[in-house]
Amino acid sequence: MAKDLIILAYSGGLDTSCILKWLIQKNYDVVCYMADIGQDENFGEAKKKALGIGAKDVIIEDLRSEFVTNYMLPAVQMGLVYESRYYLGTSLARPCISVGIVNAAKKLGAKYISHGATGKGNDQVRFELSVYSLWPDGKVIAPWRLPEFFNRFQGRSDLLEYAKKEQIPVSATPKAPWSTDENIMHISYESGVLEDPGAIPPKGIYKMTRDLQEADDYPTIIDITFEKGLPVTLNIPSGHEKSLIIRDPLKIVETLNKLGGQHGIGRIDIVENRFLGLKSRGLYETPAGTILHLAHLDLEAYALDREVLRLKKILQDKMSDFVYNGFWFSPEATYTRKCLELSQQSVTGEVTVQLFKGNVTISARKSPTSLYNKDLVSMDIAGGFSPEDSTGFININAIRLKEFSRYSNNTK
Amino acid sequence: MAKDLIILAYSGGLDTSCILKWLIQKNYDVVCYMADIGQDENFGEAKKKALGIGAKDVIIEDLRSEFVTNYMLPAVQMGLVYESRYYLGTSLARPCISVGIVNAAKKLGAKYISHGATGKGNDQVRFELSVYSLWPDGKVIAPWRLPEFFNRFQGRSDLLEYAKKEQIPVSATPKAPWSTDENIMHISYESGVLEDPGAIPPKGIYKMTRDLQEADDYPTIIDITFEKGLPVTLNIPSGHEKSLIIRDPLKIVETLNKLGGQHGIGRIDIVENRFLGLKSRGLYETPAGTILHLAHLDLEAYALDREVLRLKKILQDKMSDFVYNGFWFSPEATYTRKCLELSQQSVTGEVTVQLFKGNVTISARKSPTSLYNKDLVSMDIAGGFSPEDSTGFININAIRLKEFSRYSNNTK
Amino acid sequence: MAKDLIILAYSGGLDTSCILKWLIQKNYDVVCYMADIGQDENFGEAKKKALGIGAKDVIIEDLRSEFVTNYMLPAVQMGLVYESRYYLGTSLARPCISVGIVNAAKKLGAKYISHGATGKGNDQVRFELSVYSLWPDGKVIAPWRLPEFFNRFQGRSDLLEYAKKEQIPVSATPKAPWSTDENIMHISYESGVLEDPGAIPPKGIYKMTRDLQEADDYPTIIDITFEKGLPVTLNIPSGHEKSLIIRDPLKIVETLNKLGGQHGIGRIDIVENRFLGLKSRGLYETPAGTILHLAHLDLEAYALDREVLRLKKILQDKMSDFVYNGFWFSPEATYTRKCLELSQQSVTGEVTVQLFKGNVTISARKSPTSLYNKDLVSMDIAGGFSPEDSTGFININAIRLKEFSRYSNNTK
Amino acid sequence: MAKDLIILAYSGGLDTSCILKWLIQKNYDVVCYMADIGQDENFGEAKKKALGIGAKDVIIEDLRSEFVTNYMLPAVQMGLVYESRYYLGTSLARPCISVGIVNAAKKLGAKYISHGATGKGNDQVRFELSVYSLWPDGKVIAPWRLPEFFNRFQGRSDLLEYAKKEQIPVSATPKAPWSTDENIMHISYESGVLEDPGAIPPKGIYKMTRDLQEADDYPTIIDITFEKGLPVTLNIPSGHEKSLIIRDPLKIVETLNKLGGQHGIGRIDIVENRFLGLKSRGLYETPAGTILHLAHLDLEAYALDREVLRLKKILQDKMSDFVYNGFWFSPEATYTRKCLELSQQSVTGEVTVQLFKGNVTISARKSPTSLYNKDLVSMDIAGGFSPEDSTGFININAIRLKEFSRYSNNTK
């Protein structure tokens, strides 16, 4: 009888290598799936390793452009920030990878999808909710939540022992005392020595960005152009006739990562609230994402009507939670995304940004669609404005306040 | 017959000096009121000038501690930020000054309050709504909104001519090509050459903070302690046994202004939406305020329950608008403030902050009241957590998504 | 020299008749504009009256279908209710009439629009904000806010005297001791004896609906069909093969008004908050609107995803305020309306409604697009549901609560 | 060795009787707990039955006053309504019962709490989240979610067979083809024949309220007095010198249930969204709750400032979801409840209510703390109002709209 086929989200690391072996020993056929979303990884070597362990096949898919175009840049457009600070680099990658792995599973006629995410984290949720949305009849095997598995492998040493026994190659590099998640948008660092929120993180932890002390000593000034809220061109340096113009979304992000990295831009160290109800401490570096988000924020305030901005803000805060919690493909996120896109029809224009010593300094912005009216606001030009009107405006607004004041005095 | 008494909010500048004279010529008795809220001002000279013009008296009141304790630090506690970026330095000062001037008016039996705010701005609204809340029977005279006044004085040159004619002394220093508002929390710059949002601001405009290129070459690391969301102590440098400990609120702010200024912290250049419906461009520097807000934001996320944080965020966004629009003393702001204070009962602890080259880097935080549970989140300790529970949690959350997916496929 | 042309929103009543005369005496050419939005009015007689007073022309426009199709039914679709109870009958009519009058003004080359709305009310705001949105260069003359007018006409007796003197015909019917506003959606009653919120309204005040004691003694059961949130057919009686099917929007509303009226449906007596900051007491009867809103509310809850319903609710509450305050044509209402329409894509189906003695009783609903899954919810069928999953779901949700409980006990 | 003690939430019905026996057979000591929250139940007989089956003891606790005072009336004060229609009668009872059973468990040194709620419903969640909040170290046994139990008892016939075998007495009355939940606030009906949302409910299903056709033929007019949002007195009939005055909260509710029942008040038939993500159809009758909520809603709009009302509405919608989902004792509900109570400081006064044929008609209201100002709103009195101010108010509000209009025309 044919074995059931599992597609395993494979990273090449110790955990998923042991899971691969364990699944094979549980009598499954296993095809490994690796998405290239910009992480620093030797895919060839990982493939060799997986095949060596016994994978039927290894699929490697370059999703970098897909990730940038359909997840990262829309997140900029929508203004997604979790708990006021985190740009959701990991959260955005999960649905993107899920599309890849579900497509593979459907194509190969797999019955299961498996992954190495642990039971306390957000990624299991993001991954599985995406899978179930895309493939309601699909089934997920999460070994780290199966007593049979997690009771057997209670710590790293159990995995190492199993690897040794099963001849799974183990990286010679000693494991960092924290865990990381990496893609073209960001790298996150958490767990291990970082679990104490009162402990200052060790030096040298960050990989995409330089320490402020090592950052470039001269600023870089660039122009970023947006159309309907989406970044579309990058000019380096700003305002030069012969400046380099980049239009490919992936290339824009790569370039801004490099520049942002040189200038030490986009690091945060925060305690956040996970969907499961736990608090965790994480470090994130998001160079290009930070630059793009701050430029977009500036242009949006410049272009949008005040009350539309208020409405958009409410939806944006909701959407940030949806994405963080893994609901990218949910009815609510699908709906909110459409509404947020609608809000961005006039967010078109150019923002001048200076990068320097960790700072993203906005110094000018232009927009053909902005509601800004220089004459109207000018101190020197009436611009169709009648100052007497302000008196009426203030007096009418004061009605409620006077009533409240009289009432409060009466009831004191 | 006795003349009616007016209290004039006096700044010592050209506008309010001309207004002072004009009011006297309109047959009013005028007492000038000057609040010291930390602006760079020679109060003695201003007093002499006002008396010379004909003021019955000049009241100078030091409101710096009052402003810091009852407006600026509560704004930090409440997390007030207007349109995601502006810490409301001017908006917070207006109600504080209004209390001072209304008290003076009541004490002296004045019939009117007058001010030099212009008809397109926010300050007239903030000032007058505060006055009417505190003194529902009070009356405000706003010359810049009276046709008789604004038709006569159509530009600066008309004022200068009037000053010359009426022997009002005029500062020898040429006026900057922009206007500023200054207090211990911040300085704002707007109008004039800044009215073009696409024009990069001239060099040397900022006064409280150094340019990043001139900022200190070594970081300063400090600890800030909060109790129920309010900053209560400042330790410099962080973690030293013999570090300087500052507890006086005013002194904390002054010290952070100095440190923040040396490190080039707290500048923004934004386009904002005024209450009257105009868009305007402003530059702000808020050194101490920026440091305190970012430290508070970090501690709050660490200490508060996730869902309480969500509710607080909604109220905080509302309150920011109320304060910006001048409704500090309104029923809604009074209510929201109480709710926001209630949310801060457990926001107690210490935040370690590094100041360097414009960056406020949070690197550690401690709190006896935080809901953070290290064992619970640890990758190495079960901490009472059953991984199987996550499976049920995910599966139940997937119910809606699967239904939506099935439905969407059916109706395609 | 040619006189300036004014278009006057004319009602045929005492106020606008006097205003018409007054404007003519101020040397304007005046064309009267009357919109038929379903009010009980003798338009022919009103026209004769206006021409007799001296109007250059009288335009009578039947906007009933326009009002129903583009304002009333979309309000049902969007679920607009002001302060939880008022279906906005008057607020919705104002922008509709404004379109008509602005079109007339543009066509005739008028310079001004004038109306008889008073200075304390909402209608002046709704009317003028609509006019300014549609015609930014237009100008409005509101006599009741001009000192020259309101000082001369301080009460009804001054108007009556003026009418007598100027030979303006006055209705023989004595004025009711309250004021009303009437259209095909509702009649409102306010002012006069109704100004005391503690006074029980006089008998016989309502015109569209019977008193409950006089209501029909047998119920009427009907089916209402919606497509994407909009009512499209009315079947009377419910479930009969040969039932009457009505598809014309205006006819649907007229029929439901008649049925609702017979059954005494849709009266409220409330105190509401006006945009100007005053509180006022109003009585409203909205028979068809009440039936349609309650049927739509039921179908929507049946069809929509839970979280989309939450988002829609937030937007609907915002939109209700926008419309009440006169911002129908604002950027925020334009945006919100698009978002609300997006939410209604799956609100398609049929609702069975019983009308009886003031009650709108929903007893059944069907929808091809509902997410309701009978097997899933059944107590007798597993329907793909694993009860163990609920355990995990509850336990994970309990994490935050247990942490909070432990923390609260510790800090007691 | 001593057996572990379980407290079982016992109803006297077939399910919990079988669970009682089953737990005893699993070698537990079981004490049954019955809360009297106003349901129609023969507690003596149920006790006898439980003891007969083998319960160690049966605790019967009268929680009716507790439920009314600390759950139902605060819900009226907070304005809690789930999905715009459901007054949360069942949701409010669960935390109340949980306090009782947890106290019993702690007092008796029990290790477990058990209940008969099923795996698809809300009540398991409400019950367990309450228990875990009150007793973080407590454990819950939910047999209907244990495979061992639910696989054995797959339908009612399995339970009946088990009852027969184990000599558990079974009620002679045939089970209704739906399930009910009953307390002093409401009765709910769901499942069985009601599972089809398109099926009109069978006649005679309701128990607390008369059908409209059978309702009293004369109205009852009453006065309800509130203090800080809480109902405190009931006067019957309204406005009579010698009217009956009821002050005891439980008595107020009982009386209003009786009156409401006679007048057929408080029925709804809805489809709602369960916390687990399923949609379900439910019928509810809530006579006293409906009257109290509508009276409170009226007084609140009369007394509260407009903007405070808006803030309260946001919090009230949040709180309704928290309570429905079982989070009564959560940090967010604890916080929101305090905020909502704060909002009610001025909601004091009297509402006159007519009950008739299913209608709760508010016809008058009085409040010493209302912000309503009759002179201010009067059409006949200026009341300190200057009509010219409205012109300025409108013109300033039009600024944004004109800009948007010009911009929209330009970009067409």
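Read from first to last, the chains carry the letters A, B, C and D; within each, the first residue is number 1.
Here is the rule we go by: contacts are C-beta pairs under 8 Å (C-beta built on N, C-alpha and C of every residue); 3 or more make two chains touch, one makes a residue touch a chain.
These numbers come from a predicted model, not from an experiment.
Chemist: Among B-C, B-D or A-B, find the interface that matches A-C: by residue number, over half of the contact pairs should be common to both.
Modeler: Comparing each option in B-C, B-D or A-B with A-C, the repeat is B-D.
Chemist: If you tally the C-beta contacts for A-D and for C-D, which one comes out higher?
Modeler: Between the chain pairs A-D and C-D, C-D carries more contacts.
Chemist: Just the number, please: Cα centre separation of subunit C and subunit D in whole Å.
Modeler: Each chain reduced to its C-alpha mean, subunit C and subunit D end up 32 Å apart.
Chemist: Would you kindly tell me how far, in whole Å, the mean C-alpha position of subunit D lies from that of subunit B?
Modeler: The answer is 44 Å.
Chemist: If you average the Cα atoms of subunit A and of subunit D to get two centres, how far apart are those centres in Å?
Modeler: 41
Chemist: Send over the residues of subunit C in touch with two or more other chains.
Modeler: Within subunit C, residues 276-278, 305-307, 310, 330-331, 371, 373, 376, 385, 388-391, 393-394, 396-397, 399-400, 403-404 contact more than one other chain.
Chemist: In the complex, go through subunit B and note every residue touching subunit A.
Modeler: 83-85, 118-120, 124-125, 128-129, 132-134, 136, 142, 144-147, 150, 155, 179, 191-192, 195-201, 212, 215, 219, 267, 269-274, 276-281, 297-298, 301-302, 306, 309-310, 313, 317, 321, 327, 329-331, 352, 356-359, 361-366, 370-374, 376-380, 385, 387-391, 393-394, 397-398, 400-402, 404-406
Chemist: Any idea which subunit D residues touch subunit B in the complex?
Modeler: 276-278, 305, 307-308, 310-311, 314-315, 318, 330-332, 335-336, 338-339, 342-343, 396-397, 399-400, 403
Chemist: Report the residues of subunit C in contact with subunit B in the complex, numbered from low to high.
Modeler: Where subunit C meets subunit B, its residues are 305-307, 346, 369, 371, 373, 376, 385-386, 388-397, 399-400, 403-404, 407, 411.
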